[in-house]
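Shared between the two complexes below is chain A, which pairs with chain B and chain C, respectively.
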Partner chain A sequence: MMSRRLLGLLLVLPALAVIAFLFILPLIMSAVGAFQVDGAFGWGNFVKTFDLYTKDIVFTVVIIAFSTMLIGIASIAIGGYLTLGEHPVAVTILRWLYRWPMFIPFIVVGQILRTFLAKNGMMNNTFVNLGLLTPLDAQSFLDWRGIVIAFVWKQTPFVALLVAGAMASVNRDTIEAARNLGASRLRVLIEILVPQVAMTLTVGLILSFVTMMSVLSVPLMINAQSPTMLTADIAFRVNSYGDYGVANALGLISLVLASSVAWIYLRASLRERA
Partner chain B sequence: MKKMSYAAFAVALAALPAHAEELTVATAGDQNMVDYINQYLGPLFEKTYPGNTVRAVGTGPGDAGSQKILERFDAQAAANIPAWDFDVAVVHEKFVGPMVDKKYLDKYRGDIDTGSLVTRANAKMALGTNVDGYVMPMFNSQTAIAYNPALEPNPPKSYAELAEWAKAHPKQFGYNGIKGGASGVSFVMGWIYAFGGGDANTLMNGPFKEDETRKWDAAFKSLADFTTNATLTPGNAGTLDLLSRGEIAMGPVWVDMFYSWQASGQLPPTMKLILPAPGMPGQPMHYVLPEKAAHKDLAEKFIALATSPKVQAEGIVKRFNWYPGIDADKVKSELDAATWNKLFVDITPEDLAAKGKPFPIAPYNNAILEAYEKSVK
Partner chain C sequence: MTASVMTAPATAASRNPLAALWWVPRGIVFGLMAFFIFGPLFNMVLWTVAEKWYFPYSLPLEYGFSSWAKVFAPRGGALESLTNSLIVALLTVVVSLLLAIPAGYALARLKLPLRGLILLAFLIPQAFPNLTVYVNIARIFYEIGLNGTIPGVVLVHVSHGLVYAVWIATAAFSAIDPELEQAARNIGAGAMRTFVDVTLPLAAPGLMASAIFVFLESLDEFTGSYFVGAPDVNMLPLLLYTAGAGGNYQIASITALLLLIPSLVFMLIVERFLKANVLSRVGH
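For the complex of A and B:
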């Protein structure tokens, strides 16, 4: 009996060691490093962080929260149409198309949008040629709007995939009952479908939120101005000043932001089970 | 028969050079730096010293790449490793000082015959640290203002004129701030040289005094105003992109990048360069040799080859439009007049001598960047 338990421990040991040395240890070191200034413990790094980057922290939260909201709306719309759509060809086309952005890396998204959204880029040129815009009114979207567009474009398919799956497994009787009683499709979506997939939607959005918190390539390629995202600031602290202290402090702040969202999710799921 | 084949093997083995070594060259910078070593310098070296091979390792673009090399040295020094894995490293000027201070580097310049061909001051002092003997400049690069003559035929000739010009032409000047590459950083440094209120020479040569950093308030205030009238571009390449699409009329760029883009057709041939007074910074990339490199002799031979007038002419000037690392006169004789003149069409050697500045010494550099972060939001 004892030897079997030992064997089991031995089997999980490699996995445990990987987690301990490659995740937990660096996390602790970086958290400790955030409170170290020239070898002594202190709040210096955080003072500097809030002095220089408060605006960026707010910017990051607002941009990502706004993107998350748009992703939520878009994925409900896609999932809803896949479930309730009555035009089989349109449903097939949408089903085939919507997943594509998921397989494109963030850096490529940044690269594509950099030329697409520029003042004389493809989007504005198309509008100008269609007569919707004059060249003088054209403006560059390579600022916070570019970041939001990149995030929404890239993350919507992921959430839509989860949501559409959950919606497909909802008991169709409830939908049909509502339809028989005369509810419009929009009403069925909002009052019947979405409440039943709310948990899946939340999980998808939280995972997206955390992913977006960690993306460096998009802000670097689309907007590395000020205010900018925290990831760009972390990279700048390390690369330009070799200053890991403030970079760690910034990292800790983004960890707090990310885990606060996870906490909301945990509370919600506990309440559901209770 | 069997004996014969053994003999043949023995002869074949004996014919191989006794010391087949692999030289590891780590380089910071863009992919073109890795390509330069893999496609040009490496094969040339392998041909000159048969039997040896060159392995190039790219550590990433910009300061981040040099930072990684420094951290690698830190780690190997801390672990007391007797033979380090990089034999030659190519790093930015800013990181040479710390490497010399920490005694990571070999003082090799006196050992190689091309060492005496180095004439520029930046091979002696690197941002305030004496690095004489520890470095060989691979090339010198320079920033300048690129402009579109179709939109502005008479570009401003100084920072003061530029500030006025930007006010009159909102959003027509583009630069990449300080977080998107060094051309923007360089523009900001030039701004402080011009309007900083202190002595620019102190910023470039030291010594560092806390008082100096308090003289910049007015300069940063005017830079913040200037920036609201400017377009912020995504990166060094972003500035050139916007320029080529006619979205901005001018902006700071790296001279070599400007010429390379023109050569490859990414930038119209009509675009021009100007170096505004009192000047903008440029910087060398340096070859360094770690004190504990495993193949020191070979590394010295590699650097000697890379800094020979022929290679500097062919590789550095002709292929990349960089300014040579060694004395320009020695390189000039290796090149045809057309190639040489191309490098000096818009910016004359006199301009370069008068207005090509170094970056500020490291502590001022950091202080200026941080002050920018604080005031230009």
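For the complex of A and C:
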């Protein structure tokens, strides 16, 4: 009879092979390709990358860091209200409302926000019709603000779902005790709930950060002018110039950015266990 | 009772006739949220039936279904994209499940060395920025003649969807009571017979959920299809992108609606397939 370990490995192997050949191998190729110029190893691609795209690298980091921060604040607010809100109808409305964008694909998000946020799009039109804005003051949001809005719109429900789940499992007695001693709900949220769900919040925000680093459709559809996100630059490098060297260098830079965020998380989680 | 952040204790507030006033700030916040969530969606629906809509009018001037007729005309391109998208998504589900059912069973039931690491390996495609990976897959596929073919796109989607397939399948199998399998074995059923007649039907709802997840991931996937499929294999997200880039918001919005409906339907029914006992085991 075959050993159960061997059988188990055989059953898992085909699925693992797909990951190895279709993800890890190309990932290594990309890392190696970043250092190759005309068949020889060198720093040429990085010199060119920093010459051409330093502004976009900074732009990408700032936009995604800012979006991550807004997503964090919005998720805490939503999770906090779902946990501490005392009016059942209001809590039910919020629970029904907040999760709609979660499963909407990024490409659809890009398209619908492009028409919504345009200079004469529905948002400005509504404000003009309500008398909050004059047509002359209306401006297009299809620049860095559009990208931030798209990211926050799409990613907040996911992080809020995780955070609300974690908050719901926090011991109610502590919360009740603090409330009975007269602590306001804002204080309970900041001093009791948020510290207890910090790990879940961090995981959700890191997953969002990495997702936003890889989204191509939103920057292509909302803001393809310079400065733009690294993903749009990579696509441009490949499609217009067939320049895989610089594309791979840009890819490696975004990989380093994503990994450094993951590293911060790992350090924090190790410190928590120590 | 009241429900904004700073307020008097609930018992006092419920007796307070002014408590109803809290619906003013609540109404403003919920109204703004609803405007920003449903406004863009409503805007998209309007575009799908707008015959004439230009500046400075805030609503379409004429409504009609001529864009729908154009999209679904034999040469409209949408039917081809829709067919391709459905074929790719179905094949992706079949391949992913064929890989994930044995893997999930092994991860749930058999003693595996480095089990945690194996589970984590399937997360890798979601945990790294994957754009350059697709660029390099396109280069490999180009060498071996898979670029611009449906099997090529299916393989890319499988690598991306496997994490859902394997993780949910593992959770579904571990949620089954081993004694049920043991009982079948005791009355003389073989290992394979037990798996097919007892384990598989019990795991079916969980496997169904993972199939839907993989199906939607594939249907909505843009980046991989853009590098590996385009321009030979047209898919709905690519049609949406080119129509939008060409300024044809009617076609783009109809395509967006076609991609959106399955996602929203799934959001409403997911809890029926993904029971709490399975959900709580995902990733463990």
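As a convention for this text, the second predicted complex is superposed on the first by the 269 of 274 C-alpha atoms of A that agree within 3 Å, B and C clash if a C-alpha of one lies under 4 Å from a C-alpha of the other, contacts with A are read in each partner's own complex, and residues count from 1 in each chain.
In this section, a contact is a pair of C-beta atoms (placed from the backbone, for glycine too) under 8 Å apart; a residue touches a chain by one contact, two chains touch by 3 or more.
Remember, it's a predicted structure, so these values are computed and weren't measured experimentally.
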{"item": "When chain B and chain C are modelled together on chain A, clash or fit", "value": "clash"}
{"item": "Partner chain in contact with A:L220 - chain B first, chain C second, else both or neither", "value": "both"}
{"item": "Partner chain in contact with A:N120 - chain B first, chain C second, else both or neither", "value": "both"}
{"item": "First, second, both or neither for A:S140, with chain B first and chain C second", "value": "first"}
{"item": "Contacts of A:F236 with chain B and chain C, given as first, second, both or neither", "value": "first"}
{"item": "Touching partner for A:T49 - first (chain B), second (chain C), both, neither", "value": "neither"}
{"item": "Contacts of A:W153 with chain B and chain C, given as first, second, both or neither", "value": "second"}
{"item": "Touched chain A residues, chain B compared with chain C", "value": "C"}
{"item": "Touched partner set for A:V91, first chain B, second chain C, both or neither", "value": "second"}
{"item": "First, second, both or neither for A:F103, with chain B first and chain C second", "value": "second"}
{"item": "Touched partner set for A:S75, first chain B, second chain C, both or neither", "value": "neither"}
{"item": "Superposed model, chain C segment overlapping chain B, candidates 99-107, 117-125, 225-233 or 261-269", "value": "225-233"}
{"item": "Chain A positions touched by chain B in one structure and by chain C in the second", "value": "114-115, 120-121, 220-221, 235, 238"}
{"item": "Footprint of chain B on chain A - complex, ascending", "value": "51-52, 55, 114-115, 118-121, 140, 142-143, 220-228, 232-233, 235-236, 238-242"}
{"item": "Complex contact set, residues of chain C against chain A", "value": "1-3, 5-7, 9-10, 22, 26, 30, 33-44, 47, 55-56, 58, 99-100, 102-103, 105-107, 110-113, 118, 121-122, 124-137, 139-140, 155-156, 158-159, 162, 166, 216, 219-220, 222-223, 226-227, 237, 240-241, 244-245, 249, 252-253, 256, 259-260, 263-264, 266-267"}
{"item": "Touching residues (chain side chain B, partner chain A) in the complex", "value": "62-64, 67, 70, 176-180, 231-232, 234-235, 238, 241-242, 245-247, 366, 369-370, 373-374, 376-377"}
{"item": "Chain C-facing residues of chain A, complex", "value": "4-5, 7-9, 11-12, 14-16, 18-19, 22-27, 29-30, 33, 81, 85-87, 90-91, 93-94, 97-108, 110-116, 120-123, 125-126, 128-129, 135, 153, 179, 184-186, 189, 207, 210-211, 213-217, 220-221, 231, 234-235, 238, 244, 247-248, 250-252, 254-255, 258, 262"}
